[in-house]
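We call the chains A, B and C, going by the order they appear; numbering starts again at 1 in every chain.
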Amino acid sequence: VSSEPSSKAKDTTSESKQGYETLQVTTTDNITKIMLNRPDKKNAITTQMYREIIQAVEEAAKDDSVITVVTGNGDYYCSGNDLNNFTNIPSGGIEKMAKDGAVLLEDFVSHFIDFPKPLIAVVNGPAVGISVTLLGLFDIVYATDRATFHTPFSELGQSPEGCSSYMFPKIMGLPKANEMLLFNRKLTAREACTWGLVTEVFPDKTFEKEVWIRLKAYANLPKNSLALSKQLIRGVEKEMLHKVNCQECERLKERWLSDECMNAVLKFFEKKSKL
Amino acid sequence: VSSEPSSKAKDTTSESKQGYETLQVTTTDNITKIMLNRPDKKNAITTQMYREIIQAVEEAAKDDSVITVVTGNGDYYCSGNDLNNFTNIPSGGIEKMAKDGAVLLEDFVSHFIDFPKPLIAVVNGPAVGISVTLLGLFDIVYATDRATFHTPFSELGQSPEGCSSYMFPKIMGLPKANEMLLFNRKLTAREACTWGLVTEVFPDKTFEKEVWIRLKAYANLPKNSLALSKQLIRGVEKEMLHKVNCQECERLKERWLSDECMNAVLKFFEKKSKL
Amino acid sequence: VSSEPSSKAKDTTSESKQGYETLQVTTTDNITKIMLNRPDKKNAITTQMYREIIQAVEEAAKDDSVITVVTGNGDYYCSGNDLNNFTNIPSGGIEKMAKDGAVLLEDFVSHFIDFPKPLIAVVNGPAVGISVTLLGLFDIVYATDRATFHTPFSELGQSPEGCSSYMFPKIMGLPKANEMLLFNRKLTAREACTWGLVTEVFPDKTFEKEVWIRLKAYANLPKNSLALSKQLIRGVEKEMLHKVNCQECERLKERWLSDECMNAVLKFFEKKSKL
């Protein structure tokens, strides 16, 4: 796992909070920004990174900021679950690995379900897997026109998470959601916007500038009004979302031990090693 | 409160039912039309007007009409809650005002949840606040291309009502709904149609003509079949809607007593007094 | 009821499973294809055909195929419920007919709610009534640009079925759904795609070719991963769907005995006999 600054990194703010190796977390102008910071690994999420995101989200929930933003450093928003997570087999064997992975994932997603303030994704490039499914739990999703949205679960012998099995059909209807969740269709930013997963798309050239002007204006709105409105909207389905999250993680735990999944992950590394 | 005919008023049908000061209610061709009738106040809804709408909706539910239409007189569909409602402080103080306001609002919205026949909004111009959120409880929404849709809750230190915290995410998905409900985005008629809040948009020039031809045809369809089909569609989430309505009103009652809301309303009147 | 091959029939695969008079059912390349096969009757669904579809769906659920496809033979996808079903009055009278019809319909729709694998509609032409409403229970809907989608329930004095009273508002929002379900609006394929009922539309000329290339690719994906993902997505609302199905059939049973429905069906046959 590398957390060294990469040559592709665009953002080098020096106000980073201490203690994060895989993230850069800053609070300015009432906005807490959580930036995934493994640009040389396309911000793939390692076990350590899941834990750090959980911590950063917990802190953002309690701090004085009005809104919280998640974005990625470099060319990618996030390439999803780091498949190297599957190669660190603990002493308890792969059953232990699957069990621990499911517990961690459920905890991770729970933090997004329960987040008490407006949560905004600034999708600065391609998004894959868990970083896409999780978008259904964000309040606003802004994307560069260079972004793509891809959830290749069945290709990898896996199944949907991040509450997407519930939220995606709610956002775009079953006939569209299943083309993504079952059949691995990769959406362009425009398609994702038309289908309702993305709030608005911006030209890549002016993306950061336009979006941050808007976010700064949002962060000046009455803080409690925003938080309480968000909690009102989320409240009505919070119980359902936790139930869905639990079921998705149960299913994934089984999937991770299946031949289909193991073969798919093996093939992935075989292909990679030949490059 | 003025209920005199305004110079902007376009509709002067003489079949008005008796007893309404803020509405014009007529029944013709199996259609009951409830027209908001304070055109010189952009059809802003006063406390009296909430009560009259409740009564008109109750009567329409029982009369012989096949469909019921809500529209506005003049240039506006409705500019939302009349902020003067906040300035008539009763002897019980602002706590009493907030409590009474929440009870009235919950009763008002309940009537739209329970309405037993097809309910159609003919949005003849800009719509603001409660007149927008309530559209999620209508069966059909036709709009002139001159209409806009604006719910500036957080700007006013308030929170969503009219079951919009539940229905808007259902209609357009969370990422779009929150841009309206949390961040005050004003939609054009075309945008509202693309996002699913509006059934169809018509050119302003031919709006009334085209829409009423269609409505008259609808009103000739089998009455019971329409009412029972509507009740079937509504029935599955009626309980949920009443729960949401109750929660929204509880939250608003708190909001109305908050500093954020009071300051925002004060600012509104300050700005107005300077004009 | 005719099950003879029609001159319009395009598909004459010889691997048909035995025992179906109104369907052609084949399994090739991990795909079970259930083709409605009364092309000279626009694939209108008779009582016998409901029963055969139930049987075919049950068999497909158990066989080795990865995905299941429903399509129509000839120019139409399906013209809906065969109104001749209303003319075979059993000895128990029309009450018995309505009761039996509701039991059969509920069982029929239940099989689509519970279907355990990806279920794909290949809509090869116009679709009417139950064949449209049922699409909300499919995982993917591909349509030729020649297809139309029409649910003329209120015109026939009836009410929505196939869980459309729940799924259509979920897919397209209430304001769009009601234009179809209450007011009989016929959608073009493009409209149905924009509204979310159809996953993708193809030019009629290349429809079959393009779609089957895609389906064959889907059928090579990991079988269990697909089935378990689909069950995960469906699972969260299976109970609700069965409840909705039951309510819809109850309501239809009443409707079928109503004057509005009887008059509408009589008018239909009168008109037909004059042609």
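Just so it is clear, a contact is a pair of C-beta atoms (placed from the backbone, for glycine too) under 8 Å apart; a residue touches a chain by one contact, two chains touch by 3 or more.
The structure presented is a predicted model; accordingly, all values stated were derived computationally and were not measured.
Bringing subunit A onto subunit B by least-squares fit of CA atoms involves turning it by 120°, to the nearest 5.
Judged by shared residue numbers over all numbers used at their interface, subunit A and subunit C contact each other through mostly different positions, with under half in common. Between the Cα centres of subunit A and subunit C there is a gap of 37 Å.
Within subunit C, the positions touching two or more other chains are listed as 170, 172. Put simply, subunit C touches subunit B in their complex at residues 153-160, 165-166, 169-170, 172-179, 181-184, 240, 243-244, 247-248, 251, 254-255, 258, 260-261, 264.
Within the complex, the subunit C residues that touch subunit A are 118, 135-136, 138-141, 167, 170-172, 196-200, 218, 221-226, 228-230, 232-233, 235-236.
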